[in-house]
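Working notes for the structure below.
Chain naming follows the written order as A, B, C and D, and within any one chain the residues start at number 1.
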Amino acid sequence: MGCEPHIRVQAEDFDLAVEIDRLTDGRRDVGAVVTFTGKCRDEGGRLAALELEHYPGMAEAEMTRIARQAAERWQLSGLTVVHRYGKIRPGENIVLVVTASSHRKAALEAADFLMDYLKSRAPFWKKEHLTDAGPGQWVEAKAEDENALERWKK
Amino acid sequence: MGCEPHIRVQAEDFDLAVEIDRLTDGRRDVGAVVTFTGKCRDEGGRLAALELEHYPGMAEAEMTRIARQAAERWQLSGLTVVHRYGKIRPGENIVLVVTASSHRKAALEAADFLMDYLKSRAPFWKKEHLTDAGPGQWVEAKAEDENALERWKK
Amino acid sequence: MKLIYFAWVRERIGKETEEVTLPGEVRTVAELLQWLRARGAGYAAALEHPQVIRVAIDHEHADHQTRLPLDGEVALFPPMTGG
Amino acid sequence: MKLIYFAWVRERIGKETEEVTLPGEVRTVAELLQWLRARGAGYAAALEHPQVIRVAIDHEHADHQTRLPLDGEVALFPPMTGG
């Protein structure tokens, strides 16, 4: 069972306070709220922007599948995942996960799980735009990100 | 070394968005921001409020020691811990941890570590105020909270 | 069958999407990748290392042994780097 | 020496803080707890199970074997329930 997750894929930025309120307003059973915000870094000045490509339709579907897995595995009262696409500059937000639960471990572990799976399973790809050379390479997937999923297979 | 943590003990509520901005505004090297908010639950309607007593002076000192441990153990660009005291009603906030890092694992693990240590080491005590009977029992410490610290002793 | 490409697979093949009619002997994802490689230099460059190519069938991840559906949308893309 | 009490230790002893002059043979935290228990019914009730009592000396956690300082602030309290 579990709660029904809120899933959004959008170009515009998100407002973390609004997303928390959505999961907690009027509730008296929530003991822990965890947020994870993934942001664009400038890699020591090298990067002018990241361009995020996504697979419309599948992105929402896969994020929903991942979120439902989390909602089945941990007792959550609420769960939100927002992923942006398009050109995102250093300092700007890329992804948001919010988990709410009566207990802190459920909220923390579920957020950790969601980020691991979003990294390696949600159909998004990052292309670098360099400060001094325009469009550059596609970011390569890291073996450590794929390996991180092993932690959850038990 | 590590960053210098922001530590506050206060009766008033905190604003999570302001606390995040404090750690990220103008920065282009932050890739991950994690927040943990601990809230008062009504325990199925049984609870009218929690009253949080604290040890002024030691609360700040111990929270600073815990935060410095986290800042030495993980590579964090910023770290904030705010703990409230006084009477707190169901739905209201009790504690906030914010961690910022270039990498997601550091931010997530540090927030998890901080909450485990705050639970069992920061000098705060919760007294229950019951819906139908006024001031009730002091909340008892859980063995599982003390045991949670073992995870970090390696 | 509709094929759709993303990231450097899309760039190397030089198109976002196309409709193809597969010969009868192309029944699995692996056979589809092999068949596509023979279609031109762009395809050959994109699919040079087929083992790194990720595949989704009708918006769900699939491995290279999966049988292709009779109709539907098959997506080819590099390992994902979201989050 | 200044003693300061919190939560149900404070409630049972019936005061928040007090100044005491310790006899020479009270040198450790454990000896202080034993000495306090003999001071009255409230102390006896608060310190009935000394092993659960947590102690801080000058704002730092200390265990029951710790030697007391010559002067300073010693706090007695139940296991903490913050966070």
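Convention: a contact is a pair of C-beta atoms (placed from the backbone, for glycine too) under 8 Å apart; a residue touches a chain by one contact, two chains touch by 3 or more.
In UniProt terms, the chains line up like this: A, B = Molybdopterin synthase catalytic subunit; C, D = Molybdopterin synthase subunit MoaD.
All figures in this text were calculated on a predicted structure; none of them were measured in a lab.
Note on connectivity: the fewest chain-to-chain touch steps from chain A to chain D number 2. Averaged C-alpha coordinates give centres for chain B and chain D that are 26 Å from one another.
The centroid of the Cα atoms in chain B and the matching centroid in chain C are 48 Å apart.
Chain C and chain D have Cα centroids separated by 72 Å.
Residue positions 83 of chain C each touch two or more of the other chains. Each of residues 38, 104, 115 in chain A touches at least two other chains. According to the touch criterion at the top of this document, the contacting chain pairs are A-B, A-C, B-D. Residue ranges on chain C touching chain A, taken from their complex, read 4, 6-8, 56, 59-61, 75, 77-83. Listing the residues of chain B that touch chain D in their complex gives 38, 52-55, 57-58, 61-62, 83, 94-95, 115, 118-127, 138-141, 146.
Put simply, chain B touches chain A in their complex at residues 16-17, 20, 24, 26-42, 44, 90-91, 102, 104, 107-108, 111-112, 115.
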